[in-house]
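Chains here go by letter, A, B, C, D, E and F, matching the order in which they are written, and residues are numbered from 1 within each.
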Amino acid sequence: MPKPSPISPTVDFDRDGVQHGFLRLPYSRDDSAWGSVMIPICVVRNGEGPTALLTGANHGDEYEGPLALYELARTLEPGQVSGTVIIVPAMNYPAFRAGTRTSPIDKGNMNRSFPGRPDGTVTEKIADYFQRELLPRADLVFDFHSGGRTLDFLPYCAAHILPDKAQEAKAFAAVEAFSAPYSMKMREIDAVGMYDTAAEEMGKVFITTELGGGGTARAETVRIARRGIANVLRHAGILDGAVEKTPTRWLDMPSGDCFIFAEEDGMFETMADLGEDVHEGMVIARIHSIGRTGGPPQEIRAKMSGLLAARHFPGLIKTGDCMCVVAR
Amino acid sequence: MPKPSPISPTVDFDRDGVQHGFLRLPYSRDDSAWGSVMIPICVVRNGEGPTALLTGANHGDEYEGPLALYELARTLEPGQVSGTVIIVPAMNYPAFRAGTRTSPIDKGNMNRSFPGRPDGTVTEKIADYFQRELLPRADLVFDFHSGGRTLDFLPYCAAHILPDKAQEAKAFAAVEAFSAPYSMKMREIDAVGMYDTAAEEMGKVFITTELGGGGTARAETVRIARRGIANVLRHAGILDGAVEKTPTRWLDMPSGDCFIFAEEDGMFETMADLGEDVHEGMVIARIHSIGRTGGPPQEIRAKMSGLLAARHFPGLIKTGDCMCVVAR
Amino acid sequence: MPKPSPISPTVDFDRDGVQHGFLRLPYSRDDSAWGSVMIPICVVRNGEGPTALLTGANHGDEYEGPLALYELARTLEPGQVSGTVIIVPAMNYPAFRAGTRTSPIDKGNMNRSFPGRPDGTVTEKIADYFQRELLPRADLVFDFHSGGRTLDFLPYCAAHILPDKAQEAKAFAAVEAFSAPYSMKMREIDAVGMYDTAAEEMGKVFITTELGGGGTARAETVRIARRGIANVLRHAGILDGAVEKTPTRWLDMPSGDCFIFAEEDGMFETMADLGEDVHEGMVIARIHSIGRTGGPPQEIRAKMSGLLAARHFPGLIKTGDCMCVVAR
Amino acid sequence: MPKPSPISPTVDFDRDGVQHGFLRLPYSRDDSAWGSVMIPICVVRNGEGPTALLTGANHGDEYEGPLALYELARTLEPGQVSGTVIIVPAMNYPAFRAGTRTSPIDKGNMNRSFPGRPDGTVTEKIADYFQRELLPRADLVFDFHSGGRTLDFLPYCAAHILPDKAQEAKAFAAVEAFSAPYSMKMREIDAVGMYDTAAEEMGKVFITTELGGGGTARAETVRIARRGIANVLRHAGILDGAVEKTPTRWLDMPSGDCFIFAEEDGMFETMADLGEDVHEGMVIARIHSIGRTGGPPQEIRAKMSGLLAARHFPGLIKTGDCMCVVAR
Amino acid sequence: MPKPSPISPTVDFDRDGVQHGFLRLPYSRDDSAWGSVMIPICVVRNGEGPTALLTGANHGDEYEGPLALYELARTLEPGQVSGTVIIVPAMNYPAFRAGTRTSPIDKGNMNRSFPGRPDGTVTEKIADYFQRELLPRADLVFDFHSGGRTLDFLPYCAAHILPDKAQEAKAFAAVEAFSAPYSMKMREIDAVGMYDTAAEEMGKVFITTELGGGGTARAETVRIARRGIANVLRHAGILDGAVEKTPTRWLDMPSGDCFIFAEEDGMFETMADLGEDVHEGMVIARIHSIGRTGGPPQEIRAKMSGLLAARHFPGLIKTGDCMCVVAR
Amino acid sequence: MPKPSPISPTVDFDRDGVQHGFLRLPYSRDDSAWGSVMIPICVVRNGEGPTALLTGANHGDEYEGPLALYELARTLEPGQVSGTVIIVPAMNYPAFRAGTRTSPIDKGNMNRSFPGRPDGTVTEKIADYFQRELLPRADLVFDFHSGGRTLDFLPYCAAHILPDKAQEAKAFAAVEAFSAPYSMKMREIDAVGMYDTAAEEMGKVFITTELGGGGTARAETVRIARRGIANVLRHAGILDGAVEKTPTRWLDMPSGDCFIFAEEDGMFETMADLGEDVHEGMVIARIHSIGRTGGPPQEIRAKMSGLLAARHFPGLIKTGDCMCVVAR
């Protein structure tokens, strides 16, 4: 029999109204013998109805989600809602406080930690709580992502191509409602440990985004995120009001040829900016050796035509880093 | 009498042709008793004529300069040149290798280390070598900057408002030749220790840039940098060919009201993107407390009208950080 | 079938007399390919009779236990003993050497690592050795604790309220014999992974203490520890001589209302000192925001009446830290 | 000619009323190119009259001063004051935020950094600002100290034995007014770099304290600090109301024999608690070797009779640490 | 059912000719969201025939193996080969890049990580790939070791005494072919987690070496390694040409008395150099206390006669470190 | 007027007999408010006569000196001596404890810190004490060196070619007396900050050694060191008994061509071992790129003929490291 979760919430998920509280996770350590990790949570409930579970900072250095969700938690009123909205604006809260992708406590990548363990690391304990306590309550699961400090993305909303086509159709309809400039049908090559997979395997409607990156947020991408999440809640009948639709361009990443990985260390130069057209065989990036002047850069050529959907962000690059992603 | 510099160059500044070499600075340390810092340098000389001294990575996390200068060093041929071009694409080379603003060796901020010291820290020794060996050789001094990992700027070329109006006019003419989208007349409030000041006090024509930031470079900003530096060399008569002029918009930062500093820690939200218009009294940024949901963000208002010229880049902000810069 | 423990003792547990030796645990690492952790151990045996297993520094920053036990190991003579005394004065020896609660090698909290694993981390290997080799030898298990660097406690000896009332009665009798100023009947909310639980589940008489804290020891608390452990051994018939009884005050922590956790970061102020009376609703602590002057502190009120039994020790406090414990 | 201080205050020292603001010190670094250190400051002024300069956290791990001064800044009203009270509750603010004695930025010990340098380290820049801007404004200078994380003291208020006996008498009278349980006449063997010396050399009345230690504060020592600082301001005629006198015991540290330093590493045991009587030749402390059981501890004997005024706090001790201080 | 390995090779093991490529292991982390570890691999194949799997840097600070294997990979031509040679010159590549025994990513000791886990740490994922993908392809497995930064060894080639005497005989014949100055018949006391064991349990011929140490390589030991590996491949019929035999001296480590562990911290002095004769009872090493002058060193005596086969390398030693190994 | 040194010795330099004590240097820090660095010192004096000042661990990772000098301090008897022997076996004691070249406190390289400063860093304070207190007492100054963790040397004793030929002759005679296998006449290119220079400028006879390296010591090099220092003291008439002469080979490093520096990062391979003959143009070292297999190594050729006197020790090398030294 699995152990109970060590996490105790200070909110009551079945109470009507707005509650601002914490998921308290005991965490004993050198600088606090009886310390805890306190993950902010907000629950807005108004009677029976569907439940949406909204999360940001699954990776701690991605900001459009937290900027949309702290604001939503602050402004959402029960009278606007039918059902329940559970908001965890910073899912991997220790990582979010540190401004890093993974947790500074255990280097845990939240999105590779599912289904988690009640007696595992801090990150695994949080995953386990979502797996066994929060996901089962949800009908709709929305998880915000952006590129973080080391990647930059075109702004898109996305859902997975799924074996259950009814489930898939619901998810793509929600993506359409989000109305990001781009929308993506994702094939996951390696879905082990993902929050996405955990939700989808329970039959939930799961939607996610990539809305920029570089460890920052722009005014424009935050506007996309805020309008999008309201649209999705309206589309689901949880928030009153009509969806504010704007046109979106659907993208696809059909094969492993979309991804190009560095085989040298050096200074990274992208030859195209995000959203620009790329054609097969074109030099789309270069890696410059920095140890001396005068040597030729390594030239990297596109393996397929399309548009530049994502790129390595920092000025330096290491062997094995993903340099660019071409989508169609 | 000052001590001689411990730095020895492996290039001969008075020899015609192209040389790729190093400035070798002995640096004894735990992991290399007889180690050295080897700073790449390229000299392209073709007979008598003016000397341009070109530098990038004065701050190690700024990439448009190095991307332009490693390329220039690789491609410049003596036949194109009248005089001498000295290229140090990564001035604070230890910082550049680490991808950080300051040197990982001594935390030295190169642009606050002038005039340097021959028996000081590694950063001070490099500054001293520029002060006593390289600057005196130069007629034109060009130092590339961008915002680095923690700031983002509109792309502009800039020179200082100077007491010597003839010197100032030469600098502004070179800025005009660079042809960045924006051009800036800078007033420096605190010029102590700057490379700029060191060059200007010797009567040199000194020009600099801010060309983006965030610790990355875009294809577009790199194109601006490469075209700009060629233009400046052509304008100076060192490189053959005509200046490729494009229109530029001149900006000014007239007072301390241009700069706004954070008085809280939290998650940073800019309400305008770079280049957007801003008017006095408008909320241009907000700081969100992250410890719990439900609290109001702190609102920051513009102290003057203009356009947003620079902003804090990372998603989190700390008390005392510069949040935004408004220019006119 | 479980693997054998990698730990080899240099003492013989069945030999009469005094032996000072080590538990040697191979630990290969970057700074010692064939290194080991050497945990000091002392065995004093005199014929047949009960066995007491005495431990300190289960948490490495707690000193009353090690100060009592290194002294006991140095001075105990076989002639005074009937049976066997096994003394491990620093159970989590790597943590003890570092002066930290958890092990610097693996961040292991010894008291959450039971039953351990023979092929786990260093801390888990030590736990496994106690679980499978030392605990089975013992009749009486005494584990010294204090508050460590981040908590401070009233001095008390304690045992758990247990389902087996005969086992419980033996433990409380031993607590009574210890004769600390205070005595505690503990209810453990979350007993997973504790040494206490491991011992109790084997049916052993398990006793523990909290004797101060702050990462130090006072002359007075060391006297309590030394007199107490001698009393317990006399009470158990292992050490000759009569128990030196002094009056003790029994305490109880009846519910979760005893514990108060911080919901803000800041500077911590306790409004009562240890042992002072506290009544429900009284402000027992305040948290001061340190970023600027002039703001009101957050006031924390007692949820029940009693006396202050424990408190957060350092001057600064973080969200989630236990601030104070009220006992009755 | 000395450079101007880079610090700019956001308060006006000559304006009547209460102001809460900052000393802003630009501090460019890897994680904030245009960052600053923002040191909280409060000025309460009511017309002409003497000026008191009150400081805490000269060492960042000492809490009685900050607890008294943030509270005083929050509650002091101009109507109660004649003259000016300048409050900097956390003088070495970076150290205070980190909870460490010295600054995490430059390891600067504020009390060894005077007179400071405007172009030095962050700690030296703060010292320089006090030296050239704040001390000259003051008549009375009060600097709170406690033992910090590694020492523990009897609570006393103190002033130096000075060559100028009139200045000394004023200081001792203020110490008497403070009414701590103990009062100390200090001889400073090595006064180089101290804030005390900087103030005294300008002829100011300088008073200080030691009020406990261990990196914490007790309710009792905070009460002593709050009552004491009010008393000193009343005694100086700056705060209205009468001094609340309580008896104090005067102490003296006549020679180097008061201080005993460790000559071994190991576990520290004090044989007396603070305030207990000590006589020459008595074993007042022991150092236990921890690497194995069975060895004799090193015994340390008092070199003079008196009472134990201070002690090493942590459970472990290193060669060269001050173990105990005997006063008379 | 076990999960598939996350590692993808860029070489085709069944293709004839020379291929230089990578084992790509996805590794998401703070400084590269979509990063990978890229382990260099070379495959030289010429038709059917036996397969040799050659590895270096199982421990990352051992250099004879990588120096032999990068060279072999660079120079081996298909025409010289019958069958397949798979070369992974730096098995624990992250450790090798860092110059450390264990991986800087997870502190994994590769030689204690077998059989590995596809969803474990980076080191465990590499072990799993060898266990399930590479070892099954091999007939002959050769793994280079030296002493690394903390041990120094006589140069020897070695194989284990095995229960299957036919397998053992093949291994010893290959050792003989290697022709190192010394050859060793090894008894492994604790074989859990070793690569050796993984290979031997599959019935492979497994050979290894110790060829010096100290975290360096000498010209002489590199010559031994290069000649030896060519000899072994010739002996196996994979490389054409005759074995270049030179005399070797066979050694044995018959019991635990061969190994001596330090029981003190201090400065280490060996009284014999590698290869010198040692007799039982002789002082073979001393540990000097460094805290003060004048104290006697601890003397360590040999427990058996033989020659000094290995020693602790660094000048300082810690309790628990292996000081010396005597072989016969 | 210079400030007095903060260092206080616990020995009396003018007292006859053997004294073991400390140089106590107050060092306040986060983990010890009133801490000190305690540098072991031994003084052996027997009436009037010359004074020898003997030091080891000027660089903290060099062991032949400390191994010779702790032993000498332990065994030297006043009756054997005429005059005074001052022994500081670990001059940069904090570095020596850490096993690093430079001080872990301030990264100070002792041999570049002279003449030091009484109010500087810990390393500068030690240098100042030698400069102003110890060197003036000495007639003969002997400073042991070896290669440390990153270099390895042929064993030699050395003195500088000096302008004062009488002083030089005395030094070379002492070198001859030392009787190392090799002897060196050194030309110092950059003598700034060296202990050697400080001593020579006072007219002292200064001798030094290089006796191996790699951060270890061999039995043979320790024997050379012990016999050598006794010989030098006998030669100086301080120790009774006759010099035990053995043949030595004199070497010279005539120009900068002796030293070769790496211009690539990679894996280092020496093509000759220490003491082997080298001729101009021969490949004496190679640097292998480790990122992929198949690439050619960089070949480094000797710039002059001679023998290999020193080499880079670790298996990896960085651009700027000294690779090898050829002597004649």
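Keep in mind that, in the parts below, contacts are C-beta pairs under 8 Å (C-beta built on N, C-alpha and C of every residue); 3 or more make two chains touch, one makes a residue touch a chain.
Chain labels with UniProt names: A, B, C, D, E, F = Deacylase.
Remember, it's a predicted structure, so these values are computed and weren't measured experimentally.
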item	value
Labels of chains that are neighbours to chain B (Deacylase) and to chain F (Deacylase)	A, D
Chain whose Cα centroid lies at the greatest distance from that of chain F (Deacylase)	A
Centroid comparison with chain D (Deacylase) (C-alpha atoms), farthest chain	E
For chain C (Deacylase) paired with chain F (Deacylase), centre-to-centre distance based on mean C-alpha positions, whole Å	49
Distance from chain E (Deacylase) to chain C (Deacylase) - Cα centre to Cα centre, in angstrom	43
Intercentroid distance (Cα basis), chain E (Deacylase) paired with chain D (Deacylase), Å	58
Geometric centre distance via CA averages, chain D (Deacylase)-chain C (Deacylase), whole Å	35
Multi-chain contact residues (two or more partners), chain F (Deacylase)	22, 38, 61, 263, 291-292, 314, 319
Listing of all chain pairs that touch each other, if any do	A-B, A-C, A-E, A-F, B-C, B-D, B-F, C-D, C-E, D-E, D-F, E-F
Contacting residues of chain E (Deacylase) [partner chain D (Deacylase), same complex]	263-265, 291-292, 319
Chain C (Deacylase)-touching residues of chain A (Deacylase), taken from the complex the two chains share	3, 6, 22, 24, 26-38, 119
Chain F (Deacylase) - residues contacting chain E (Deacylase), complex	18, 20, 22, 38, 40-42, 61-63, 66-67, 70-71, 73-74, 87, 89-90, 96-97, 99, 152, 214-220, 222, 267, 269-273, 276, 288, 290-297, 313-316
Residues of chain F (Deacylase) touching chain B (Deacylase) in the complex	59, 61, 100-102, 107, 109, 112, 147-151, 190, 192-193, 259, 261, 263, 314, 318-322
